[in-house]
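Note that the chains are named A, B, C, D and E in the order they appear, and that numbering of residues resets to 1 at the start of each chain.
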Amino acid sequence: MIRTLLTLAGFILAWWGLVVLFDVPSYLVPSPWVLAEKFWFLTTQAALFSHVPVTLMEIVVGFVIGTFVGVASAVLFTRFPMVEVVLNPLIIFIQTAPKIAIAPLLLLWLGLGATPKIVLVAIVSFFPVLSNMLSALRSIDPNYGALAKILKMNALQRLWRIELPQAMPLLFAGMKVGVTLAVTAAVIGELMGARAGLGYLLSLGQETADVSLVLVAVLLLSLIGYLLYVALGAVEKRLLGWHESRSGALSNVEG
Amino acid sequence: MSFDGKVLFCEHRPNNETKLGKVEKLKQAGTHPQVLVRADAVTKIYRSRMGESVEALAPTTLDIHEGEFLSLIGPSGCGKSTFLRILAGLETLSGGKLEWRDGAPTKGSDVGFVFQEPVLLPWLSILDNVRFPLDVFRTPKNEGNERARAMLALVGLGAFEKALPKELSGGMRQRAAIARALVYRPRIVLMDEPFGALDLLTRDRMNDELLRIKNETGSTIVFVTHSIEEAAYLSDRVAVMSARPGRISALHDLDLGPERSEAIKDDPRFYQWLSTLRKELR
Amino acid sequence: MSFDGKVLFCEHRPNNETKLGKVEKLKQAGTHPQVLVRADAVTKIYRSRMGESVEALAPTTLDIHEGEFLSLIGPSGCGKSTFLRILAGLETLSGGKLEWRDGAPTKGSDVGFVFQEPVLLPWLSILDNVRFPLDVFRTPKNEGNERARAMLALVGLGAFEKALPKELSGGMRQRAAIARALVYRPRIVLMDEPFGALDLLTRDRMNDELLRIKNETGSTIVFVTHSIEEAAYLSDRVAVMSARPGRISALHDLDLGPERSEAIKDDPRFYQWLSTLRKELR
Amino acid sequence: QEKVTIQIDGAAVPYYLPMFVADHYGYFEEAGLEVEFLYANAADILNNIAAGNVQFGFPNGDAVISARANGLPVKVIHSTYQRGIGAVLFKNASGIETPADLEGKKVAVTSYGSPNYIQLQVMMAQAGKSVDDVNVEIVGTGAILDALKADQVDAIVFSMLRYYALQAEGVDVGMIASDDYLPSKGNVLVTSEAYLGSNPEQVKGFITALDKALRHIVDGDVATEVAMAIKEYSPTFAGQEELVTEIIEEVFVKTLWQSEDTTANGFGYGNLESWQTTIDTALEYEAIPEKFDAADLVVEKPSEL
Amino acid sequence: MSETTLRRLFAVATPLLLIGAWWAYVTIFNVPRFVLPPPDAVFSELVRLFTSGTIWPHLAHTVGVIVAGFAIGSAAGFALGFALGKWPRIERIVGPYLFFFQTAPKIALAPLFILWFGLGLTSKIVLTVSLVFFPVMVGTILGLRSVPANLHSLCAILKLSQREKLVRVELPAAVPEIFAGLKVAAVQATIGAILAEWLSGGTGLGYLMVFAGTTYKTPLLFAMVLVTSLLGIAVYQALALTEKWLLSWR
């Protein structure tokens, strides 16, 4: 904790130093002080923190949906490989199709509210979860399948008691990638049409050439993403104490 | 032989009181032993990655009797595990068929399997691993814990219930896997070299415990081992397998009576069987 | 004892010609056996996930002599694997120290290790798995193939060189792992129940092969087994361990002579040792 | 009360004062409308209007021409800004003063299909040169301002509003207004043909409210309204009230919202001739695929709808 | 019908079905062209682009950015993943910055890239790389850390050098995790290339999309979306095939 604060302080000092040393104009990179002022100004005058929950909600709800659908699809794909054959091109199409291009379509189908943003977040966080979960399910030692068969476990029990725990490390890796993409997706969603949210603030900053506003929005967005990431890491640590990736097997130090 | 009469799965459990071999006893009583499952010309051909095929099991016919203790012995790679896995329904057949008297077991709690390697769930403590089948069968948690703890004490792991599998020695893991297979008292238990990683003392203790459990529950046990002593000590019948292609080369009905204890090791018949089996394995 | 004189690692290999135990013979010759490595009050405490600690190895002192065959026997969970892994440098010490006569082995080809479970690389064929150490040591491919094939033939897997590990039976995998540990003729071989998954016949053959290889190369072998017969048949010395905390409770210098063959099983001293060891294990 | 949505180009900047005034003083309510403001880029706005996702839009006039030429059934119902707001922006240090000075300079436009590019072509042609004499760089809307700020380019052709934004940021910028070379329209009120047909009352109501707001601002005190708008609709501009007031008084009130045409015909008058010139020039420079009649696009007298 | 025939059948049938559904949706709901053009309009646009040859420089440019960005990004992600995976201390020190940077929306950072790397190809590749490296890095870290403990023991016994251990044991063992990352990275590479071209430059499929978007040439827009997706699918399939081959031992 203390070290985190120290490195943070060091980072800010270095930033300040560079800005002062090279006399970087504030319209290119504002100094930490200018930024702090902006932050204070936005908080007191422009209800900055009314924008945070808007975006946070889009990210969290979309991410949860995306993760859930990702896991479910992976399970479906491993149970019925044909489903993957049929759906995979469509999935990659949806992933790579520039969201900006299909924005009006999304609005047409989903309206103007939070839904299209949530759907966008869900779409992008879905894919890393799917990809990693598939990989995980396919890596499971067949012996565990045999155990499940002996005990005549039904599909749900197998999923819940054997496959999910086993897939947990890769699933979390997928979720970590997913959560970082979710932030960007929420921003893109808000660019399609919004009146609040950090993505909206960001575009407002760009519209008005206000670098500090842009940076405050970006930093808050990153912070949201980072905190979600850290939260995932904490949950992972709790759940994955048993796994090799958590036991320092690499460094060969004793437990 | 026809499978007449609708007898409930494992309903009929012989009560072993005499010193006669089970099959013998049943013969005396004028009844045939109840066939629980018949492997009828069962074969298994594995197709390897290179497209070559390995005949792991040549057409093999074998009846497994209700309530018996049947051992499989044979050289490494002769198809013992394959046969066991086929009985458990883990392997598809390349030929022949498996006839269950009352249809293949439908409940998970009907069959217990001890794999050749202990297949423990690495994220569960030893207690949770042993309780795992009970959880799957929705046994109340309290009762499950009690039974799992009792089983752990039996295999000498009472002090390790909180440990993770990776924190155990090889033999301890194997014992945990045995506990898991027995904790729900399955009607038929298939064991693939369960005691291979155990020292003599532990092994002897486990042998006796296994017999005790079997007598209590009347389970049918099919048992793979490399130890001839173990096979002779435990079994009603011993099937000797030979390799490439795997098949049953001899099948013996041991006349050592249903009750086994250390005393049996002084029985001259026991030594006779040892030497017979040893010879057949060469 | 001081380690005086700079003798090259494993340079001095006793030539066993008499029927005397090695230690005995060296004593007669007026020399002490060369200590290859000394475990000096070595202890190992595992700290488990829950913060509890398990004393796997109480302070243990043991000299391992150059060129000897030393067996470790003891109940499951007593610390045999732990001790072996400590010798191999796979485990950090919680106390004490390991003194190598000429410094700890620096080359990969100095030490061979057979793990309790066969540790094969699942993506390599059996031949590639066995050749793996040779590839690592940059042996020319041709020579490597030749040596790996010879080793595979020795363990009876000649026909399976193209198979993947998962296509083998448990015992076959174990044999492949043994072949891999021996293919580069390491100076010291540490074997953790290498023959546990093998049938009697294969086991006997492997025992003899192991002795042959040892005599050819003069390697030092530390061997964990659950079979007292095996220990007595193979070893110059047998260390008996007892459990919780693991320690060496007895250390025997078997006076069965350096040359071992089936004949030894008729030697009354062999039976004496068996019963001694059996008693000590109780 | 009818719920309608208007999508406005860009973000909530106080220059959209008429909208805010109409909302704040209940002019929309009077017209039976409950108006929701949303923000997006011009192309999305026009697509959404055409698709029926939103009822009204307030995009740039040039974008509407392009949309209409490509078959989007959109209609300009109020030519709110009488002049174009495109402009060449540059740092004064670059020495640029007239279009002729752009020769040999790096000039960024957002795309070869954008109105900015036509404006640049027209400017160069009128200076007796050609667009080939400048180094045109394509930089997207998201980065074009930063490209200028960081001296990646010498000039950009973009919205003149950025001129004020840059000045507020402390950048020493200059501007050449495109409208002096090629007349066009800035933000205009747009709806779809379908909505105009089915909901003429709402459309009329909106226009009435907007006109009322414009009148309110023009006749009243800009400073008061700007303070109100910033406080309620555009809080990030807090502290810049004076600057904004000055810009609105000098630029918007004098040159954008009012013209000779509006004095004669009321706010939002659609001068078809001037619109047609813009359309024809776009065609001439191949920015639109085919010619069409300005009257099909623009309502000449909004108040008479 | 065998599974492979079914697979082949569906490889053709799925796209056809999708196109059918697209066409039906457009006709039945009378969706206007500027929202979603009918398939035939998009295809004739595609045919026009390819026969006239105008697409080639754009396609080549985008493919170049995708390939370069994917290659450099994967390599960087792998190298970083290796460093962070091997030395948890490094992860503790630089990890937070990396994760923080990664969650920053790239659209917002893009101007910064232009500031640092100019208007040319470099900033586009850097932008793509910044999207590509992360999933590969996360996969690599996990892959390396999940190598079974007993394989580490084997390497310790044979005293494998760091490099040799990586090549002979850790990489093969980590293939599933790394490829899970690479597949996500493939998709990210196409998104990155399009995003980069959307920000600057007058060539590339991304530029054509902006052009099409601002000039309401919806068939062109969707033609580009289609081509981009096909590129993504191609990269993805190539990866899936490679993975299948590498994991044929399973």
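Couple of notes before you dig in:
In this text, a residue touches a chain if its C-beta (ideal position, glycine included) is under 8 Å from a C-beta of that chain, and two chains touch if they have at least 3 such contacts.
Note that the coordinates shown come from a computational prediction; the quantities given were computed from them, not determined experimentally.
The chains in contact with chain A as well as with chain C are B, E.
Per-pair tallies of C-beta contacts place A-E first. The distance from the centre of chain D to the centre of chain E, each centre being the mean of the chain's C-alpha atoms, comes to 38 Å. Centre-to-centre, using mean CA coordinates, chain A is 50 Å away from chain B. Inter-chain spacing, taken between the CA centroids of chain B and chain C, is 32 Å.
The centroid of the Cα atoms in chain C and the matching centroid in chain D are 86 Å apart. Among the residues of chain D, those in touch with two or more other chains are 47, 51, 142, 145, 150. Residue numbers of chain C whose C-beta contacts span two or more other chains: 46, 48-49, 90, 117, 164. Of all residues in chain E, those that touch two or more other chains are 35, 107, 115, 149, 156, 198, 213, 249-250.
Here chain E touches chain D in the complex through residues 32-35, 107, 110-112, 114-115, 118-119, 198-202, 207, 210-211, 213-218, going by the rule given at the top. Residue ranges of chain E in contact with chain A, taken from their complex: 3, 6-7, 10-11, 14-15, 18, 35-36, 85-86, 88, 93, 96-97, 99-109, 115, 134-135, 138-139, 141-142, 144-149, 152, 156, 176-177, 179-181, 183-184, 187, 190-191, 194-195, 198, 206, 209, 213, 221-222, 224-225, 228-229, 231-233, 236, 250.
Remark: chain A residues 4, 7, 11, 28, 81-82, 85-87, 89-90, 92-93, 95-98, 100-102, 104-105, 108, 127-128, 131-132, 134-136, 138-139, 169-170, 173-174, 176-177, 179-180, 183-184, 187-188, 191, 199, 202, 206, 214, 217-219, 221-226, 228-230, 243-252 touch chain E in the complex.
For chain C in complex with chain E, the touching residues are 85, 88-90, 106-109, 111-113, 115, 117, 119, 121-124, 132-133, 135-136, 164, 166. Listed in rising order, the residues of chain C touching chain B in the complex are 46, 48-50, 52, 54, 73-77, 80-82, 116-117, 156, 162-164, 167-172, 175, 192-193, 196-203, 226-228, 278, 281-282.
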